[in-house]
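Quick one: this structure, given as structure tokens, is what I'll be asking you about.
Which chain is which? They are A, B and C, in the order written, and residues in each are numbered from 1.
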Amino acid sequence: MTPADMDQALELSPRAVRPSWRDRVLRGLIGALALAALIAMAVDVGVTPTALAAGSGKLATFLRAMIPPNAGGELVRIVRALGETFAMAFAGTVLAAVAALPLGVFGAKSVVPQPLLHFGFRRVLDMFRGVPALVWALIFVAAFGLGPFGGVLALAIADVPGLAKLYAEAIENCDEKPLEGLRSAGAAPPVVLRYGLLPQVAPLMASQTLFFLESNFRNAAVLGIVGAGGIGFELEERIRIFAFDEVAFIVLLYVVCVAVLDTISQRLRARLA
Amino acid sequence: MTAAVEVFEQERRRVLRRRRAEALIGLLAFSALLALAFQRSEFFSADIGGDPLGRIGEFLARMVPDLKAEALLEDRQARGSLAWWYYDLPLWLRTGWQTVEMALIATTAGAAAACFAGFACARNLMPLAPVRFVVRRTLELIRTLPDLIVALILVAAFGVGPLAGVITLALSTFGSLGKLFAEVNEEVDPRPLEALEASGAGLARKIRYGVLPQVLPNYASYALLRLEGNVAAAAALGIVGAGGIGVELQRAITYTEFDTYLAILLLIVAMIFLIDIGSEQIRHRLIGLGAKR
Amino acid sequence: MLELQGVTKRFGDTVAVDNVSLACRRGEMVGIIGRSGAGKSTLLRMINRLSEPDAGKILWESREVSRLRGDDLRRWRRRCAMIFQQFNLCPRLDVVTNVLVGVVAERPLGPTLFKIFPAADRARAVLELDALDMAHAALQRAGTLSGGQQQRVAIARAMLQDPDVVLADEPVASLDPVNAEVVMEALQRICHERNVPVLVNLHSLEIARTYCTRVIAMAKGAVVFDGPPQGLTPAVLERVYGRRAGRTLEPLPAVEAA
């Protein structure tokens, strides 16, 4: 590399030969600032190495106490609680589906073509989609007393916005051509919906509902923490008295149940697709 | 001709009979399950104090704040004003911000760890099969544990406060992003990697110049999506004592201030909504960049 | 001199490269022709050691490169530049960084992880790009370039490796005729100016005849012809491409190339 070569290269593309240091420094600075902000936040909420170290010893004791898992002679009760959790998930999902169906139809652009109405409706659904079921469960249990009633209601309400949105999308994304074909053959509107729309959207909706059932089974397990019954209640009780061998047993059993339900539901969804 | 029709009709009847039987079994199974579910969950027989509809009406009435049109904009002392409804707004905003902080820290920590895990269990980047197997199983195990159960145990260990919540969220973020990152890594275009290998580059340089430029936009997009979910999850974690605005929800319930609960709930909804919109903007820009390449 | 002695590669039951022996001198432009699946790609990939030969030896200046391991192997790969049919650039990196990838293996790991290269490397990259008439695009993302431009960037990358041997695996198969000409002329120039052996896999017989000083024809993994392009008689082509090509001579390879 002679100086002449260097000059020639610089003339051809100065920035490729000497990348701007200012850019680099700036980028480094932004990175450093982001890191500093993150550390400041961590300190603000109390996430510090000392705090971590302080709790890890206890956590290690807990984990050691989990082995070997032990049913504590209450297997029947645990299985019954698992059944109750599934019952809550199933009932909640069905209620949510029933409520979401009309909302979904109403939310579909092809059904309600008024853009402002459509946009507003969807935004409201979007806003409430994020509220976790536990937040609903807390207030329903307070209002209606301990027991699965509040849990089922919480699961249903937490699901409605998400399901309604998916239903609406299923209706919007359906292929127009079969409907057109039916109309051209002189079919009445109900017939068009029955033979044109329903065969397209029903499997999709069913599959999405099953997906929600899966996630509800996971959510239902924690509702017991706020008093909505089921396996969450059993778990909370045992964590409070530090019976970690029983906690481990319940969690393991529950994980197996989740896996089984997921497998069944995936099979069903594969058949629907 | 008639024979063909006969064969068709027979076939049709057979298929129809089978389909009807299947549908009937399915319907029966579904109804039985549904009946059992409602019975087990005591939904309809639930004792919520008699007169269920009345109870629900009463509950809704208690949740809606007693706002008065003429006092709406007055200060906290005036019963029926907005300020009276949101009487502890500064505290709620502070704890709300704490919830966002929890989500940010947990997402960053979880995503950083997931980067390593994503490389350690990608078929095309990690040649040692046992390492891939162990990392993959670990991620799977973490994903199956319900967040709030983990949070309960961690609150018992680390005490009440955001630390337990942050660890919980970081763990579950690690589990889900680790899997997603590994999938992104495995879908990388192998040709630039081959060119790097052909020019004598080792694994580190292959990752830096062949993999990272391809995967980073996808990583960022997944991490942002996860951040949205984590803000909502962090809000719920407060209910079990893991810090943030959820603690205030729990307090409102303890004092049976249902209208306060609604106030905080709406605040949470707005907060999640704002984060979603912001992150959506960034994600769309990231994807836009991706489309241009 | 690059020498192959009885090089063989099997994939399961099929023999991809069957006992190939040949030698190339510096400054020789060798076209390797044959139908798809004749073993051309595998042959080149074994020379760079992207594939391991099952038997035989590969030597460079009497040193056995088919035995190299670890750092020695990576050093050989650096000296044995490879150009690919699909360019194999990273579309999201800018052009000059893609070219710098040619020296990335030689520079210390730390700085390269932050894309920090000596100014001399960058200047060389720009000059190599300029030699291929691509300096104007140095800061563009590689993905925004056309196929012909991308291949020229890939050649610049290969040149930055300061290669002792250049291997090109179907470098023009994805390009239109005009770009194919530009790329083949660039390879020819490199061959003469740097006095290195250039081995090019080609689908098109015509291109091989135009640019190469020597043609090696392969069929079913074995070398069936090795000599100047003038020696490609219809009888030879029949052995390479099968019966139909022998009769009609040009059309079949041309169609395959398109």
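Following the convention adopted for this analysis, a residue touches a chain if its C-beta (ideal position, glycine included) is under 8 Å from a C-beta of that chain, and two chains touch if they have at least 3 such contacts.
What you are looking at is a predicted structure, and each value in this text was computed from that prediction instead of being measured.
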Going by the touch rule set out above, what shape does the chain contact graph take here: line, ring, star, complete or other? complete
Which pairing of chains gives the most C-beta pairs in contact? A-B
What's the distance between the Cα centroids of chain B and chain C, rounded to whole Å? 50
Separation of mean Cα positions, chain B and chain A [Å, integer]: 4
Need the CA-centroid distance for the pair chain A / chain C, whole Å please. 50
Multi-partner residues of chain C (each touching 2 or more other chains): none
Of all residues in chain B, which touch chain A in the complex? 33-34, 36-43, 46-49, 55, 59, 62-63, 98, 101-102, 104-105, 108, 144-149, 152-154, 156-159, 161-164, 166-167, 228, 231-233, 235-236, 239-240, 243, 246, 249-250, 253, 256, 258, 261, 265, 268-270, 272-273, 276
Which of the residues in chain A end up touching chain B in this complex? 38, 41-42, 44-47, 51-52, 54-56, 58-59, 62, 83-84, 86-88, 90-91, 94, 126-128, 130-132, 134-135, 138-139, 142-145, 147-149, 151-152, 218, 221-222, 225-226, 229, 232, 235-236, 239-240, 242, 244, 247, 251, 254-255, 258-259
Residue ranges of chain A in contact with chain C within the complex: 1, 5-6, 8-10, 12-13, 15-19
With touch defined as at the start, can you tell me which chain B residues reach chain C in the complex? 191-192, 194-202, 204-205, 208-210, 213-214, 217, 292-293
Seen from chain C, its contact residues with chain B in the complex are 48, 50, 73-78, 80-82, 84, 86-93, 97, 101-102, 104-106, 109, 112-113, 141, 143-144, 154, 157-158, 161
